[in-house]
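Okay, here's the structure, questions in a sec.
First chain written, first letter: the chains are A, B and C, and each begins at residue 1.
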Amino acid sequence: MRQPSFARTALAPIILGLAVVLLWQGAVTAFAIKPFILPGPFTIGQQFGANIDNVLAGMAVTGRNALIGLVAGALLGILAAAVAALARVIDEAAEPIVAALAVVPIVALAPVLYTMFGAGAETARQIVAGLAVFVPVYVNTLKGLRQVRPIHRELMQAYAATGWQATRTVTFPTALPFVFTGLRIASSLAVISALVAEYFGGPLGGLGRSITSSASSSNYGLAWAYVLGSIVLGLVFYCAALAVEKLVNRRTGG
Amino acid sequence: MSVEPSVDLGAPVDTALAVEVINLSRVFTGRKGATVTALDNVSLTVRPGEFVSLIGPSGCGKSTLLRLIADLDTPTRGTIAVFGTSARQARVNQAYGIAFQQAGLLPWRTVTGNIELPLELHGAGKAARQARAAELLDLVGLTDFAASYPDQLSGGMQQRVAIARALAESPRLLLMDEPFGALDEMTRERMQNELVRICGETGAAVVFVTHSIPEAVFLSDRVVVMSPRPGRIRDVLPVRLGETGKRGENLREEEAFFRAVRQVRELLHGEAPDRLRGVETR
Amino acid sequence: MRARSEPAAALWRRVVVGAMGVVVLALVWELYKLLGPADGVLVGTTTVLPRTTDLAMPHLWVMGGRVLEPVNGASAALPMWLVVLQASLFTLGIAAVGWLVGVAVGLALALVMQRFRAAESAILPWIILSQTVPLIAIAPLVRRWGAQIHLGEFTWENWMSVALIASYLAFFPVSVGALRGLSSPDANHVDLMRCYAAGWWKTLWRLRLPASVGYLLPALGLAAASAVIGTVVAEVSIALRGGIGRLIVEYAGAAGGDPGKPWAPIFGSVLVGLVAAGFVGLIGVVLRRFRRGEVAV
């Protein structure tokens, strides 16, 4: 396969992005679209700059929830997958629950979690994020732990390697790329879930709450600035997960 | 047998050669501007009804040559004519049938559905398609498997379906790229017996890529020996061990067969193998 | 497919063990409620394990029983399960519209990207980028569209905003999955179609589309789950009445005096998610012919 040239991989999307932004601004100006329907990108940029402190504060609150949820959900997911890989009965017992979690809107749990953990605390949001993270991490890790090729396992047997040696030299390196794929997917889900949980109630301060409150006070430019803030937050999480994935894959030669 | 007999090819085109390749070169350009000459100044003709094998080590350009004839690739220099037309025109006219090393059957179609595919693509009616598929299934001996799916067949059976598919539109030229390369030796010899029989019945010309010397010798009227880096034709050896379609199992035991095999091997190694044999017998 | 090839005994085992998993989960809930401290477990000032009061963690039979009772004290009140079922159907309908639009857009994008490599280079990074960011955050802002957009007879309604957001979440897995599926045929098969002088459309119909089914089905499932999530969230943030999302927020306020009530719409959302997943499973059964693996010779 021929690798596409740099011009194609980098330039084409940038040109398309610029064209869309310019068209958007052009349309807003030309058709005098009212700001509560859709403000122009330049207006959003201005508002973002003018309210940078508030937006950053919102990003900090939502980002913290997402991060706690990501770490807790990922640890739990990896642990649960390791247990499920060892004992088939656990895997089978968890199967319907995990399958249901994957298709069910987890954020719907937010209101009852607010009652369970206190409506004034951020815990409920972290748990929503954690649950959303758990599913892809668990599923991908388990898949990774199952990927060990029979030939490698037989090789280890032929070397009379102990269980731990085999796990360290064969199972972990095989499973690792899968774990990080799960984490990359989960990183976006953590931010989205933490943010969306705010729509269902709980304390003020996060990005989601700020978007709703500035929208209800007709401050649409500011609301869009918060939206831009959540986009940036999502990108930060995704890029961090991607960077860790690339780093680990390079080290393990994956 | 209702497959078209070879004598009944009355079109004026028939006077043309099946394949005529003149001074053909194909140079691949790598990413950093490095070039690989896959084929260098190759000329070859195949007469109607003739069976020609291309043999040589990996990288000698035999598959490239076949792909160029099939118009799956474009030559850097030189010309190709298939039945007097350009390779592209021949492809559009469906002048040839093709089979690859992988059977390449569509897994979601039955055996019949796979054989009907080219007919369907070129607008043949349902009844005509079914009749033709039944004929071909009979020809390759798979009538009982008409409704099976490819994953229910063995490798050899899949390859027979692929050959039936290649014959679907009664082409007067078959292009085959190591079609038996992935089969075990026993199946392979059986398939070779069937192929000579089918060729005898259809009268099609064949260009057959292989790297098995006995296979080339058993099947061919002429064996084209190629050498790598750059891909060139080293020699063309007429073999034709008996009438096409009348070659049988015992041919593989005959002295003429062994002699031809040795000749091809000597040409392939590019040196007299006597020295080597001398070592063995000493 | 997997279940079909399994012997009946193994299938039974899976069902029984799977049911046991659900039972264990229920037991954990009740055991913790019995043994856990009323104010939950605190680390510093953060509650890490929930409160166990009847208000915070109602007994499972309270949740179950509540579903059978009327919604509220009014004499004409409908039973809870009926109200939740109606809301579930409403949400399912919007999610289905969002899913259909998302699938259509996703397929169209995949076809364009498959056809033109320049389009793939330009669009694909943006598609992937668009899903790594929480663009669902715009849901509250779409609310005002309802009253503002008129095109002749056509009026933009709030439920369309909800469906739009659902379709936005749904299109991504379809476009990525379909693109992968459309590019999945072996070089062998593509060569064969070229030998048959089959054009792009014929190749698409006979080869690329059938070959993409195996990639498309999981993508359709993901899209269905995303459409349901998007619908529920958008119902909440756009404040659309009639669906599960609205009930979840509305009933959350009743938790103080009626702890079983907030759980009823949650069961409804689970139901919607499962029905959506089941529907895609059905599509998979219809298309199972296209999921036969090819055995390499």
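Note that a residue touches a chain if its C-beta (ideal position, glycine included) is under 8 Å from a C-beta of that chain, and two chains touch if they have at least 3 such contacts.
Remember, predicted model here, so these are calculated numbers, not experimental data.
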Task: Chains touching both chain B and chain C - done: none
TODO: Would you indicate which pair of chains has the most C-beta pairs in contact?
DONE: A-C
TODO: Please identify which chain has its centre, taken as the mean of its CA atoms, farthest from the centre of chain A.
DONE: B
TODO: Compute the distance, rounded to whole Å, between the mean C-alpha positions of chain A and chain B.
DONE: 54
TODO: Using mean C-alpha positions as chain centres, tell me how far chain A is from chain C in Å, no decimals.
DONE: 17
Open item on the list: For the complex, give me every residue of chain C touching chain B.
Closed with: 186, 188-189, 191-198, 202, 206-207, 210, 213, 289-297
Task: Contacting residues of chain B [partner chain C, same complex] - done: 67, 70-72, 91-92, 94, 96, 98, 100-108, 117-118, 120-122, 149-151, 155, 158-159, 182-183
Open item on the list: So in the complex, the part of chain A that touches chain C is made up of which residues?
Closed with: 4, 8-9, 12-13, 15-17, 34, 36-37, 89, 92-97, 99-100, 102-109, 111-118, 121, 123, 187-188, 191-192, 195-196, 199-201, 207-208, 211-212, 215-216, 220, 223-224, 226-227, 230-231, 233-235, 237-238
Open item on the list: Help me check something: in the complex, which residues belonging to chain C touch chain A?
Closed with: 13-14, 17-22, 24-25, 40, 46-48, 50-51, 55-57, 117-118, 121-126, 129, 131-141, 143-145, 148-149, 221, 224-225, 228-229, 232-233, 236-237, 244-245, 248-249, 251-252, 255, 259, 262-263, 265-266, 269-270, 272-274, 276-277
